[in-house]
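Labels run A, B, C and D following the written order; every chain starts at residue 1.
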Amino acid sequence: MGKKLNYGMIGGSLDAFIGDVHRKAIAVNENAELVAGCFSSNAEKNRSCGEHYQLDSDRIYTDYKEMAEKESAREDGIDFVCITTPNHTHYEMAKCFLENGIHVSCEKPLCFTIEEAKELERLAKEKELFFCVTYTYTGYNMVKLARELVMAGEIGEVININCEYLQDWMINALEEGATANTKIAVWRADPTKSGISDCVGDIGTHIESMVSYITGLHVKKVAAVLDTYGHELDLNANILVEMDNGCHGVFSCSQVCAGHANGLLIKIFGKNGSIEWHQEAPDQLLVKKKNQPIQIYNRGYSYIGGRADELNRIPCGHPEGLVVAFANIYQAFTNTIMKTQNGEALTASDKDYPDIEFGIRGMEFVTAVVKSSQNGSVWTEV
Amino acid sequence: MGKKLNYGMIGGSLDAFIGDVHRKAIAVNENAELVAGCFSSNAEKNRSCGEHYQLDSDRIYTDYKEMAEKESAREDGIDFVCITTPNHTHYEMAKCFLENGIHVSCEKPLCFTIEEAKELERLAKEKELFFCVTYTYTGYNMVKLARELVMAGEIGEVININCEYLQDWMINALEEGATANTKIAVWRADPTKSGISDCVGDIGTHIESMVSYITGLHVKKVAAVLDTYGHELDLNANILVEMDNGCHGVFSCSQVCAGHANGLLIKIFGKNGSIEWHQEAPDQLLVKKKNQPIQIYNRGYSYIGGRADELNRIPCGHPEGLVVAFANIYQAFTNTIMKTQNGEALTASDKDYPDIEFGIRGMEFVTAVVKSSQNGSVWTEV
Amino acid sequence: MGKKLNYGMIGGSLDAFIGDVHRKAIAVNENAELVAGCFSSNAEKNRSCGEHYQLDSDRIYTDYKEMAEKESAREDGIDFVCITTPNHTHYEMAKCFLENGIHVSCEKPLCFTIEEAKELERLAKEKELFFCVTYTYTGYNMVKLARELVMAGEIGEVININCEYLQDWMINALEEGATANTKIAVWRADPTKSGISDCVGDIGTHIESMVSYITGLHVKKVAAVLDTYGHELDLNANILVEMDNGCHGVFSCSQVCAGHANGLLIKIFGKNGSIEWHQEAPDQLLVKKKNQPIQIYNRGYSYIGGRADELNRIPCGHPEGLVVAFANIYQAFTNTIMKTQNGEALTASDKDYPDIEFGIRGMEFVTAVVKSSQNGSVWTEV
Amino acid sequence: MGKKLNYGMIGGSLDAFIGDVHRKAIAVNENAELVAGCFSSNAEKNRSCGEHYQLDSDRIYTDYKEMAEKESAREDGIDFVCITTPNHTHYEMAKCFLENGIHVSCEKPLCFTIEEAKELERLAKEKELFFCVTYTYTGYNMVKLARELVMAGEIGEVININCEYLQDWMINALEEGATANTKIAVWRADPTKSGISDCVGDIGTHIESMVSYITGLHVKKVAAVLDTYGHELDLNANILVEMDNGCHGVFSCSQVCAGHANGLLIKIFGKNGSIEWHQEAPDQLLVKKKNQPIQIYNRGYSYIGGRADELNRIPCGHPEGLVVAFANIYQAFTNTIMKTQNGEALTASDKDYPDIEFGIRGMEFVTAVVKSSQNGSVWTEV
């Protein structure tokens, strides 16, 4: 292994969930080191997190702009930054790091508006920087296999799509007297932090990104109905979709479906077969060819080739889990950065991370869904 | 056991699927005997079926009208008739038997139009006759339990509904050059026999009836998109629904989803919990109370009471299957007839069969769905 | 259809479980009619059951011997008898009907001793009568497929067997102070009625019969440990087996495993693959070829041929259930009787019911298991 | 976070599976750093692995004895060593590091004989050193919950145990002409490297350790039959067990069961209920109380307390996977070392790793199983 990359992090103090997953995923890859951070607006939390990771004290920043500038100026400055703060901060932060010549990995949804997303894309292109939007679930090994099977025509032309992403972590917000402030004191329910959508922005976009990733098709139109149950933003959504090949489908997402922890379920139907993948049992892929027995593909077996084989890290039957899925995304992203730094050519595998196009499509999808719901569920172009 | 009822059958010759299930279900109940029939327009098929069941030769009819009149005139005439022919014949047949004073059990969908359905209802009321529309799946034991739990408020107010009914038996109709005439030579794809819808009429109405039965809620509005894939009628449908309590949901049904044999899946979400039932694993009911472990109820255990206990026929762990579900419906329907003949009062259990209201709602649902799809998926009142 | 067969029943009064399943299964086949019976030693129960089935009053017998003799003497006497009483009565009853020239269908386990079983076999041969021992689960459609795949060498030479049959209906018998008399007032726990074994006799023999049926291999030796938990007979058993091809395996059966209703699970491992079948999800068969994705075969699909196709009664995805499995056994048994009466040749399909060989092997298996357990689990020849 | 621990590794070059999992697990915990190693007897592999981890060149050792001595002598020497080499080397290596005052984490099975295991125990005690034997699966979150429920008496007295650990990675070794040398050139099949058992030593001991961990019961006697299929060591085993509370059960393990990747399945039955856990779906625990619906506990929900809550790392519904299970073991082990170095008292949580007692019991179990099989499956004391 050559030199490790240096990276910094915005957000992700010690009590945060997703920032920690980013760090563990990168640690698992063993090719990048956390050297700088601005982990919290709370000075104490920020400091203690930096010390936890044994950062030099002058690289524990209280201001992300200062961090971008100073790191940019250093010889050993960070190669990329991970932005794991709430949505409303993404745009300004990402913009700032791009402007300072630093590659960006940013949580989803990317930002607040399509315009912001496109501005980030423009800037990244101009600066020749790479931009990863961490749509985690595209990193699972068997999702790679699903993509290859569908792309290779194994199920034929896609004719119907039926996906859901059901959670229940917000269900107590439906209790009498619960408000965003008291019972669900989370930023996701706050439009000033989440933007125009809670549920669709947070998890509906995962469905959209997964379908795009696996099928290569994009959502063309939506007809949606959102439910807020008295809150400001949507907690539940049912969405009809028309893809750019003309087929239809349905995306359902919810944060109030009792008994569903993180139930992302992808079902893609083609003229000759279908595939089915569940996030909660990620090492399996169901392949259903027409007029044949159903097949269960298990990660790690010799009958699996391609990218899923290339990325296989742990022998079959030993669950890889979420951190490894995340690590797969970072592996491609960091390979892309390293190889480019070294003047090496990029392979398809290197490019196999959700880039800013995923971020833009996410914004377009959320915008259209919210608009459709506001207009009586009328079909709305994405 | 007192005297058995006598019944007759229209359709259901020896090579037909659903007529046979009706007969087996009634046989399992052991309280009614097949004594007359008009099984096929093909004279040979009609005769051989009648002989198979050892009917008197003068009660093997070539014309259903003659059958209605003659049976009506007999002292020992049939108490009820089972209509198991294609849709386009239901209305005239049912009308004829009602006019002749004979109770009717009819396959779904009930007929072609809402008006026809209401005329049958009017006639049944006028003649004081009972009318069963065989929405089979309402007969499953654990569906009874689901209904009781939801009705008792165990999951709280219903806030979201997510149901699907996916099949694949028509998928070969999507092959290049396949037509309704050549590859799918079935009456369901023929509008002159099926009416305005194939897939929604055949299986979408099962979702509608199940949701009504379990929750007591009815569909108020639909926003639907149907896919015909070049055929005359729909083979696939994705439908947003609004129920009469204001909650939303989605019904998806299809005959072209590879790997799904008869995948009716009912998920009802409430403020305090949810229930989930799969037709292909009918002896189980999943109950998911919020903030609690998921519960799997298994048919036949001592912890199950109410109607599900009353109807339990085979010890737990021994699958009852479709015929018994059908038999449960017939048991209520025939009890209703018998008790009324004997001047006994009807209990809630006796009335626990899908009556003509289910048939009317089915017609209303199909009509609204087709209309919505034709009008760009606009919300359409049911 | 030609003339129906006439049959009689011993045991199976209206409150009995298994007798009713026999009757419903035969009713579903529509080729035999209940015309005589001796349903209970309780005169009132006997009479009311006979009247329920509208038997002629002189064919409701209070004594099975009288029934055997009188039916044997009648022109229209019964063609076969179903014996559904507790074990301790099987031998005398079966013997009596055989002696009177009547074919016998008898519940399992067949009797008390190997000698009795062999005497019944001798007698049946001498009288040229057919004898069915109703090992129900061999009748499931997908078990037929399992048999055909294994017999055709699809999984290669059998190298390991891992089967279990776990129930929990006796678990309350383990409570402090529970006795066979008070808490589990069932004949199965009573050695005078059950013979030398409760659990192994009742359900262990189902494993043995299924393995024999599917693989064609027979148990050669057993090393067993039985648990009685203070009761007279075994409620739990773990059994090592050696088959006649030299491979080993384990059979576990229990009536006290909480949460298992009727969990018969068959796993047969071969050099090239394995098969797995669960009684509680009987319409599926898992086929696991080495170095290939797992396959799920679903009953009723076009890719299924052979006996499983021949016996398929209800379209795929609509659970057939226990009664149909039973009906499959009776269909072969009654075809065998009818064709023999008509002088027609028997096909392999006609003979596809568990015959007296299954009954004898069951006795041999139980005897060896109990002996092994009594002798410190030493390997004991079957 | 205070100072990180330093650790070294024996074995685990870049192409090895389990060494890498150890490193990733420790990396995920972020509290120990790899600073020394002797990764391979192949000099090139050893060097490249050390360089990959950016070790000082003088801490990439070619001889483990030298490593033990030199690291022991350094001020900043390793606090513990991870031994991830084949079995035959464990004893000498572990002994050497203990003698040099270094804590040891060692792969299972611990060594070759009970005597060796006890000598290591004696030495660890004498030197006041900690010794972890990495029985991975005890680290899974829901296994902690299983243990707490069983220990708290939730399922009552344990009355039956039914466990299996089925794999298929050796199945190609059964092909005609395959030998340990040609087709399965792995050390596990080689008695000079594996010791007296392949399958039971490798995976049977996992069952034994899991049952001990969850129930607190230990295996008292075994009656076993092993199958070698022409190879030197066992590839398949079926084992009757008697636990020290007198209950019986069965452990089945195999490396040749087609379609089973890493199928460790634990079923513990008590007088009042049972628990069931599958390694391939580790975030769920099934709890089956008698006379109640089955319960599915999902990791990460608020209804889960105790150690499972304490160790929860990733929100519910996001699979944690094998690396996190491993990390849980290392977290307790490293906490134990750190706290002891700091003079802090150890809590039950700190001690919650499989210690040398697990290693000894594993040796005792394997020894008894092999002896029983050699002696005609006679019951053999552990």
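The rule is simple: a residue touches a chain if its C-beta (ideal position, glycine included) is under 8 Å from a C-beta of that chain, and two chains touch if they have at least 3 such contacts.
This structure is a prediction, so every number in the text was calculated from the model and none was measured.
Note: the chain lying farthest from subunit B is D, by mean C-alpha position.
For C-D, the equivalent interface within A-B, B-D or A-C is the one where over half of the contact pairs agree by residue number, namely A-B. The distance from the centre of subunit B to the centre of subunit D, with each centre set as the mean of the Cα atoms, comes to 55 Å.
Mean C-alpha positions place subunit A and subunit B at a centre distance of 43 Å. In terms of their C-alpha centroids, the spacing between subunit A and subunit D amounts to 34 Å.
In subunit B, the positions touching at least two other chains are 260, 291, 294, 298, 301.
Chain contact summary for the complex, subunit B toward subunit A: residues 155, 159-160, 162, 164, 166, 168, 171-172, 174-175, 223, 225, 227, 229, 236, 238, 240, 242, 247-250, 252, 254, 256-260, 267, 269-274, 276, 286, 288-291, 294, 376-379. Across the complex, subunit B is touched by residues 1, 4, 17, 21, 24, 27-28, 30, 51-54, 167, 169, 260-263, 279-283, 298, 300-301, 314-324 of subunit C. Of all residues in subunit C, those touching subunit A in their complex are 287, 291-298, 301-303.
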